[in-house]
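Shared chain: subunit A. Partners: subunit B in the first complex, subunit C in the second.
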Partner chain A sequence: MSSTGTGIQPPPRVIQAARSPVMASAFAGRKKVLPIFELALLIAASIAPLVLRDYITVYATRVLILCLFALSFDLVWGYAGILSLGQSLFFGMAGYGVALLSRDFGLGSIFAVLPAGALIGFVAALLLAGFLLLGRHPSSVVFVSLGTMTGAYAADRLARGSHYLGGQNGIPSIQPMTIGSHELSEGPGFYYLVLAILVLIYLLSRFLLRSQFGLALAGLRENEQRIAFFGYKVQHLKAIIFAISGAIAGTSGSLYAFHEGFVWPNMLGVVMSTQVVLYVLFGGSGTLIGAVVGTAIVEGLSFWLSDNYRDIWPIILGVLLLLVILFRPLGLISLVLGERERVGRFGPSLKEKRNAAP
Partner chain B sequence: MPLLEAAGVSKVFGKLTALDGAALTVGDREFHGLIGPNGSGKSTLMKCLAGALVPTRGKVTFINTDVTSLTPPERARAGMSLKFQITAVLPTLTLYDNILLALQARSSLLDLAFSRTRGRLHEEVMTMLFQFRLADRAFDAAATLSHGQQQWLEIAMALACRPRLLLLDEPTGGMSLEERRVTGELLQPIKQHCSLVIVEHDLDFIRDICDRLTVLDQGKVLASGTVAEIQANRSVQEIYLRRA
Partner chain C sequence: MDTLLIAMFEILSFGAIVVLVVLGLGIIASMMGIFNFAQGEFVLLGAYVTYLMHSVGLPVPLGMLAAPVVVGALGFILEKLVVRRFYAAPIVAMLGTYALGLIIREAVRGLTGGLYLSVPEPISGSITIGSLHFAAWRGVIVIITLLVMAASHALLAYTSFGLRVRASLENPQLARASGISTGMIYSLTFAFGAALAGLAGALIVPVFSLFADLGIRFLIQGFVAVMVGGVGSFAGPVAGASVIGTFSAWLPWLMSPVIADVLVFVLAIIFIKFRPQGLISGRGVNR
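And then the complex of A and B:
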């Protein structure tokens, strides 16, 4: 049915015009740089282990795992406007969860531990969302950020105090993750596994964010109250995206646990949560690629600075972060992407428009 | 049976009684104007109708259902739509996406995730934009529109939800004379399927488009009736004279 209501219908040429390729290209805007940029990064990441020394590949694997973690924060903050300062809670809980599976049940198969990690993150996020997001009235940003932060802080303290979880030392020497009979230890193999998972989750996230669901999220981020008056159940939308992001953080936490071979309370705590905020702000929140680039640059810089400026490197890094936030509040990625490409368009693809034609 | 009936609606903020037992009845496809001096409780009553505020006392009935304590999304799904006093278009999104956002509000989450209703809604989005004379700007960011055009976009968004009742809080605020005239023209055709409650300072505008008027003063209903009745009403004339 097409009852937009009133008796006035546009002359067919208006709808036709919007379908015509000429106008389509007009509103497609200027040349797209994002796909080229993404492809270039992917190629660089694919050949990196071939040219890098092994210990750098190991470091790069850790960075890719953190990129995944950053994506999870970007989804909630950059796309849905939920300031979660407790993202490490899902990361760390999944890490501890799979470490326990490995220690107590001897489970190390990738097909068991990665889904388990994702599930732990998903459920934990859903439960927390139940407390923080699902009230009758939309909760304020301050309430949600303090609530999530408190969650992370509490989990950190609890883990430190728990004998079962290994106290301050955490759970050491986790068995390597296995694929069939093959043991996966750090190095190029692990690197490519993480890269594949990162690309997969990146693409899935991009699919979701460019869908009509992504449009609803954009509305949520820009004016939550307004879209409630359209009939959106904003709290449900928030809980869903929060839980999805929890699952991604959980996946990344379980990869981290197996890559490092141990878990410790810092993984759950506030330092880890704030670190991920910095990655995303630095790179540019609200773009998936910004989260990835931000993580890679911050981690890359720390690696290089700590090698060359042993004593003052955190100060240099801090100043750089401040400069970016002062002069590029939209993150480094805004040097590459224009506003339209950053926000995106959600209107139908040309194919769908053709299908809609009578 | 009226479409909307508010009875004995009061709203108290601390010591301030913004609304004191206000009543309002709106029939099917009726354009109803809500007028009164500043601070008379017009916007508060609108918010109580739309669900942005829960009345301290009183009852709001919409299509034979008590909606007094329903949340805004629930009311929207029941067929009520609100245009805010302050324009709240989503500035970074294109006009097209603004309308689509409103139109797709009732699609299921699964349909949204797989963009299943996008193709089907295309025609409706373009129709809406055309109707509100915004079709040629469809793919510009909403922030680039003039103030008047943003108001139209908002009305279009409010209408895109296919409401039975549209609540408009000062739709012509900040508009030029010409823009006001066009706004009146744009609103006329919706009468075929939709009732309207409109808060407006511009009395000429409201006289031209409304069937009935309700006058509020200090949180109470001073008078309610047809435009002619209200114009002839002595006490209404007094408060407007007093204000002038």
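And then the complex of A and C:
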């Protein structure tokens, strides 16, 4: 309508899958910031528990779990352009699922509960995607966001009203997670476990998004119609990435349940799912590292500020979010990463190509 | 028989409240193509203005008159400063207005100290017809809703302002070429939608009392109603709001409130899935 719009959310405008060798050599000399940045973050995260006090390590563990959750939202919104405002549904359902496994069946082994959580998230996301995304009419973004939001709201209400699920109070005092005979409680041990899982899932997502599947997704986000004309089954692509992201959210939710030791209805509801939107927009959607950075910054700031400025902290957060959306639509990560690196490359690297074709 | 009449009055008055809340949302969504996530907070702000006027000793009806003016003015300013940047990207608009809503909600939460604050009904007591008693204020809400609905429709359908709004909606380029300042029209339309939300908040605050999450309660309901009714026309959101309001008030008589609440939304989403254009698929304002 009006021509004054500035914001472009699902970010990159350029896809550079097939670049000509001439162009490639022109840019070959550029320094890469992203791997250095990722490595620096990883090193900082690995030595953190050694220098931080214990209660901060516990807090940092929670932040890492939330990073995992943010990754799951980033996959659907930043890479496939599905605005899921009910991502907490999978997070919370998995949390409740493993809490019930622990309460009613005494299951606490990490090799049972984490796959169970991921499976719950995966199945729930697949079912919801089957209803919202598949079908004769292609669904509009507004419909999908409304549908997912309603799902989260409904789950929240039902959990609050259900006696079996503990009503308003949720399920308290979950037994600690176990590895073999070792009980895993809060602290550096749990921290490193979560860090390992986060790095693993980060790398898997990175691999997935840099594959041909990722290229199709990026095309889908940029121009859904064109991808459909190329013969891709657009709705299936969306459903697949939605289900994968559900599995990641489920993993994160089950870790959260065992780390906090309780689950409650807010984990399922709109509050939690708007929280994750905030993290990702803040850090920069469409880059995996953006989701992690955004979560760390928002949670770090809130840890520091909510002590001293408890009342106005949510207002500050809102103002910051608005400023980022208005003036840095690509998120804070765009301060560090250039456009070219943010978009990245797809398929086999140029070097391999050059070696293959002498 | 008596219970049935009472139930019907309850359903009618709740339906009226939902229509009142959704009207502003629907006008902004239909006329401007923007889903305003801050609409619930405009309702909250209207309620807060009424409470504020009441707490400094002014009569409540005066507060209710002031609320739409204050909220409308704020809407105008916000449109000029923030919302107009989003027209090219409706999805970003949802996120941007969500941030605006967050700021307003948390500001009100800070100002009220997170408490539930009550505002007395300007017209209290009940109307007695035969052996039946109806809450007078709810009756007033029904009447005002009907008046506001008629006035909004008249404004959009019969005045020269309405003509300009419809022109800007249907063909912005041509409207601009004909000398209509579309930017101004969008500002005024957004302000009008915000003012309606402010009025809604002012009228319902005696019923629901004032608390920071008052707006969220209506936000999802409002969106579902607009989608069920159909975006793009004046009648669509009104029809959707009537349907959603009726079901929301009627189903709790049949089953537990929690199930009823969830069921309304689930049914609505299923309906939208199979009829994405909504109940009324027309565009514009019918005369």
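The working rule: the second predicted complex is superposed on the first by the 321 of 358 C-alpha atoms of A that agree within 3 Å, B and C clash if a C-alpha of one lies under 4 Å from a C-alpha of the other, contacts with A are read in each partner's own complex, and residues count from 1 in each chain.
Just so we're on the same page, a residue touches a chain if its C-beta (ideal position, glycine included) is under 8 Å from a C-beta of that chain, and two chains touch if they have at least 3 such contacts.
This structure is a prediction, so every number in the text was calculated from the model and none was measured.
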item: First, second, both or neither for A:N266, with subunit B first and subunit C second; value: neither
item: Touching partner for A:L321 - first (subunit B), second (subunit C), both, neither; value: second
item: Touched partner set for A:A154, first subunit B, second subunit C, both or neither; value: second
item: Partner chain(s) touched by A:G231 [first = subunit B, second = subunit C, both, neither]; value: first
item: Which of subunit B and subunit C A:S302 touches, first, second, both or neither; value: neither
item: First (subunit B), second (subunit C), both or neither touched by A:R340; value: first
item: Subunit A positions touched by subunit B in one structure and by subunit C in the second; value: 2-10
item: Of subunit B, residues touching subunit A in the complex; value: 50, 52, 71-73, 76-77, 81-82, 84, 88, 90-94, 96-97, 100-102, 104-107, 109, 111-120, 122-128, 130-131, 135, 138-139, 141, 157, 159-162, 189-190, 192-194
item: Of subunit A, residues touching subunit B in the complex; value: 2-10, 14-15, 18, 26-27, 136, 208, 211-213, 215-216, 218-219, 222-223, 225-234, 236-237, 240, 339-340, 343, 345-348, 352-353, 355-356
item: Subunit C to subunit A touching residues, read off their complex; value: 32-33, 35, 82, 84-92, 94-96, 98-100, 102-103, 106-107, 109-110, 172, 182-183, 186, 216, 220, 223-224, 227, 256, 258-259, 261-262, 265-266, 268-269, 272-273, 276
item: Subunit A to subunit C touching residues, read off their complex; value: 1-10, 83, 131-132, 135, 137, 139-143, 145-147, 149-150, 153-154, 157-158, 160-161, 270, 274, 277, 281, 311-312, 314-315, 317-319, 321-322, 325-326, 329
